[in-house]
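Presented sequentially are two complexes of subunit A, the first with subunit B as partner and the second with subunit C.
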Partner chain A sequence: MLPGIGPVNAIAVLFPIVYSLGVPPATVLILFAGVYYGAQYGNSISSILLNVPGTSASAVTAIDGYALAKKGFGGKALAMSAVASFVGGTISIFFLALFAPLLAKLAINFGPAEYTVLMVFAFVALSSFSLGSLAKAIISAFLGLAIATIGIDSTTGVSRLTFGMLELYDGIDFIVVVIGFFAVSELLYILMEDQKIKTPIQSVTSLMISIKEITASIVSILRSCVSGFLVGVLPGAGGTIASFIAYATEKKLLTDKNEFGKGDLRGVAAPESANNSASVGAFIPLLILGVPGSETTAVMLGGLISFGIKPGPLLLENNPEIFWGLAASMFIGNFFLIILNLPLVGLFARILQTPRWILMPMIMMLCIVGAYTINGSEFDVILIMIFGLVGYIMRRAEFPLAPLVLGVVLGGLIETNFRRAMIYSHGSVSIFFDSAICITLWFMAVASLLVPSIMKKVKIK
Partner chain B sequence: MSSRFKKTLSAILFASITAISLFTTANAKPSGVECIAPAGAGGGWDFTCRVPAAQVMGQLGLIDGTMKVTNMSGAGGGKAFSHVVAKRSDDQNLIVAASMATAARLGQNVYAGFTAADVRWVGALGADYGAIAVHRDSKFKTLGDLVEAMRNDPRRTAIVGGSSAGGWDHLKMLILADKAGIKDLKAINYISFDNGGTAMLEVISKRADAFTGDISELVDYFKKGDIRILAILAPERIGALDGVQTAKEQGFDVIGANWRGFYAPKNVSQARYNEWVDIVRKVAESSQWSDLAAKNGLAPFASFGGDFETFVGGQIDLVGKISKDLGFMK
Partner chain C sequence: MSEFKHDRRYAIVMLVFSILYGYGGSFAETDFYNGVVGPHHWIYLIAGILACLSIMLFLKPSNYKPKSLPWSTWNKRIPLLVGVFLYSVILPYIGFLGAMIPLMVLTSMLFGAKFKFALLSSVIMTVLCLILFDGLLDISLGRGLWLM
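Right after this comes the complex of A and B.
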């Protein structure tokens, strides 16, 4: 559950060990899938309890999860995250088994134009993150977009905003941004406020979630599972976008007694379900097309190739045992995770009862270790400090931070895909309305803007 | 901490330090060696450190102990390069994974003013040759067809690849176009994707006209019959690609080898440099490596010591010339 030491590092560390042990490849892949899952869940723990998301995909979970933890419902949030992950993960495994070859076609048909429109749809989600002033949300988003442009521009090979610093050539890692703006700034905030309020983090009141709370969230979980899976199948999008979209969709659809942003269990359930389901979906492009859909699957791809197994168009014909073994193992992995996690929720939640003078430095240490391990670079540690300070100032001035994070995630994707599409179409925007996928996505974007107000009106009548 | 514990700890430390120093003096083989992979886990440089270096050198007993692999990603290898030049130039027990991408970036002068002369080039032990492919139903039947389309209507011929603009996949196409006598290289319509696999999907879906990449990226799609390989940029045909001609056979004398190899710090002693060259040569000639290389889509490619330094210099000059023509260089 160390931030930064997410599934990518875990798999990279495990790989040489299993290689030298001579474990059969199917087993290795199954092991990796288990690690992938376990680490993903571990990261939810740190994002809910400490506001330190270890992977980009769990950044959204931190919004409501941490709000719940501050209210003393950290245990409930953790339990909900475990349940939602389990349901999302399990159902998506059936999708994987049933529709893999079919969905691989979707990934092929998703070109730059489609990605651009998908990002527009995700950007519409921005409106749902602004609790206060819209202008402030937009400024925050623009800052995120600016951060996203740092580094070498892949379309032209020109370096942007790097100021000749080698460290900036690859751009700034998303986790660095999130740890800085979420966790470090939160620590500063708590430290500064401390003189006034004595206990912002309350003791754990209630640990388990009730059946009623699960049934209240089940619709959100199921919806997020489907959307998350579909987004996960697209190699260019992945778990982060999936969790953002799920969160925003639920926030818009659930107009009744919606506490999103202030600590709503469904605000934890939706992104967690989507995130897990997307990580299952990401195996489709990896195994069937040989295209890694996420960092972790990229490491797995490298690992499998060393074993002489090449994921790609021939995998289902040549090594069906890999595909089915994986599906079965993910199912078992999911099952074990929930068995292991639910009883431990109370223990995890007790982390928050640690005295503040121990807890705060420990979180800071986690942040530093997490930032350092991404690239093994001290420069990233300096960055989280700077971002933390900027984040603190923004909090004090009541700028929402979620739009900034969304800007960083979407900025690079929307830009490169838009430019790729424009090169294909020789500058004509009609490419964005050419395919059925594009039109569907436009429709969804417009709908997500209009649905909440329509639903409100219907309710009033 | 109890004083007894402290004593034990210092005794252990002392013993291990003595052991290590004795070990180094008593043995001629490189020991306590390290290989820096200038990128994260899972990529080509990481593979070069972990498989031919750590694994095969260890199996063949060419080094003492195990090789430590350090991932140092950043600036497309630039971070590791500057680290080695600035902080490790006297290190006798260090090698760094390199590839054609390293030479390309040196040629484009993107490593903050460092040059090829700031390190010692040890050798290369395999290469992934370039390939140009199109959709199986494409109107382009030969490399000549594609080159003519690029000459006559470059903007309508979308070429995709997994490197960024100015990167190796792009450069291969430009070197080919340059050889074919196309004057306006800037007009060539290259679209960059995140990796070779994603770029390949653009050809499979018929959004793009042609794919430029490495052979290992397209073998499976070729076997499945989804694509047609117009040419490989290799010196001779390759067994796994039945009936695929080289570019040279079709009148374009271009070889695009994404070689994998190593460099060492600049101030490595001549004796140790010779040892490294010898070690890499032994790995390249071993059956263990040729087996692993084939599994990973690498063709034999051997170049060592002085020859290799000359070869890398030539590649850097070629990339520099083309990049200057295109304005990729500042």
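Right after this comes the complex of A and C.
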């Protein structure tokens, strides 16, 4: 909800705490999932009342949401956002329960070569859907892979790039990377850019929306829910693209769109339904294929691996409580989101006004404590500052950070699978093109490289 | 100055990094592996692709133009970074409370707080954090030499 402090930072700071407490993996995943989809709704509050989206996924909500708030209908916009998020989130849970077991059956045939190509596809998709230069996005992913190579090699047990430093023998924990690159760099960014919220916070009036208004928006909500889920399943696409696609689709399909873009409730409903649906859809590649589609799910994957759980097609068989526990918790979570958020929206609006000099030192303290508690090492605290500075420079240079996190989290897995595949094939790279699954994945990787540029050209025309 | 220069600068930095990274990989022990791909090959692969991407970025830079930042903003960044570094140095000796409170005061002031408010909020937040982690959750945040 707080601009610039997204679910990644929240999960990164929470992770060491739950790790130290020995919370069961299923509970941890439920907690992180709650933060993830809860943040999708929370972001809409700052978008609607402040015109400052918490994350890019709620940027489109600000167009009609803030326009409504300026007209005095901020309460209606927030209520519609909550209803759309609830409907989108709830329906997509059914999709998750329906499609995940089907995909798991297909993924059971995956060997090391297929996994390697799948991860290449995830990198390509996440990089190509990132805003800005593709080369920069891929460089960012490879920087992540480079960080993941530090420490003891899991196959041979020899140390790499440790330069005799004992602290590096266990490698760099992904949470240290996430806290550094996301939370600390954000802190430096806010400090440096001196971003002051200049837009006045709009007041929240009545939260009541009429049945007529809900009926008028229901088609948009349902349509966006389906498209959002499909986009969410694709690695790399995520809530931002889902909400943009939903908004653009509604803009095209609606017949009475005089108010669209100037304060239409459907302009709030569509992106909110889509980004909540996408956040649920993102769990399919994460849990069934072990490939995260966004930086938040990448952090969750890293967390699950740290807890000894290996997401993949066998997760449903070996740890069904994790998958079905998550699906069930999402129902409860969505229900609580709607009953908590509506009455407490006034309080949330006040939290947005917390002075930076209270909020930012508190976040910095949690970052330091979070990094320190992983290994009880001061070295990790120094690392988060180094990563924070590098992350800040990368942000300013427009290098996306999501591929970097994906690289750190998947680095070990992709290397192990690549090397296994090469051993099976006696050093022949043809193994990566042998099976139908590999060829399909290569095709999808090439398609995801081409789609953004085609979309750009279509937009220009 | 050409608008493409900034990306080229980053491309050169990345190219140098990829060379150093690949060179660092050559120090990995290679006596024990009996497979096709050794622990150093993966590093060479990453370094090679990074180098190619850097050259690509150099040859085809984006239209990126950084927003200029006044030098005064460094006056805030450097103290924060130095503060955290000092925190990690003194933490083992004086413990969490002694190290965190000055750092919190510094950070609050960098974000615009007056000294009195900064001190008050820093003490309250640090003590609450200590009670939560060390007291309730039993997670040590660093106790210093006298409480070891």
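Criterion: the second predicted complex is superposed on the first by the 235 of 461 C-alpha atoms of A that agree within 3 Å, B and C clash if a C-alpha of one lies under 4 Å from a C-alpha of the other, contacts with A are read in each partner's own complex, and residues count from 1 in each chain.
Following the convention adopted for this analysis, a residue touches a chain if its C-beta (ideal position, glycine included) is under 8 Å from a C-beta of that chain, and two chains touch if they have at least 3 such contacts.
Remember, predicted model here, so these are calculated numbers, not experimental data.
In the overlay built on the shared chain, the residue A:351 is in contact with neither subunit B nor subunit C. Using the contact criterion defined above for the overlaid structures, shared-chain residue A:426 touches subunit B and also reaches subunit C. Shared-chain residue A:62: touches no atom of subunit B or subunit C.
Of the two partner chains, neither subunit B nor subunit C is touched by A:248. Between subunit B and subunit C, it is C that contacts the larger number of residues in subunit A. Contacts of A:376 after superposition: both subunit B and subunit C are touched. In the superposition on chain A, A:21 makes contact with subunit C only, not with subunit B. By the touch criterion defined above, A:139 lies against subunit C but remains apart from subunit B after alignment on the C-alpha atoms of chain A. Of the two partner chains, subunit C is the only one that A:161 touches; subunit B does not reach it. Common to the subunit B and subunit C interfaces on subunit A are residues 153, 155-157, 376, 423, 426. The part of subunit A that touches subunit B in the complex is made up of residues 8-9, 11-12, 15-16, 19, 107-109, 111-112, 152-157, 164, 166-167, 169-170, 235-236, 289-292, 298-299, 301-303, 305-306, 308, 310, 312-314, 375-377, 416, 420, 423-424, 426. By the touch rule above, subunit A contacts subunit C in their complex via residues 17, 20-21, 132-133, 135-136, 138-139, 142-143, 145-146, 149, 153, 155-161, 163, 187-188, 191-194, 355-358, 360-362, 364-366, 368-369, 372-373, 376, 378-379, 381-382, 384-385, 389, 396-399, 415, 418-419, 422-423, 426-427. Note for the complex: subunit B touches subunit A at residues 40-43, 46-47, 50-51, 54-55, 70-76, 78-79, 82, 110, 112, 155-156, 158, 164-167, 189, 191-195, 197-198, 200-202, 204-205, 207-208, 219-221, 223-224, 226, 292, 295-296, 328.
Touching subunit A in their complex are the following residues of subunit C: 6-7, 10, 14, 21, 24-25, 27-30, 32-33, 35-40, 42-43, 46-47, 49-50, 53-54, 56-57, 60-62, 64, 66-67, 69, 73, 76-77, 80-81, 84-85, 87-89, 91-92, 100, 103-104, 107-113, 117-118, 121-122, 125-126, 129, 133, 137, 139-142.
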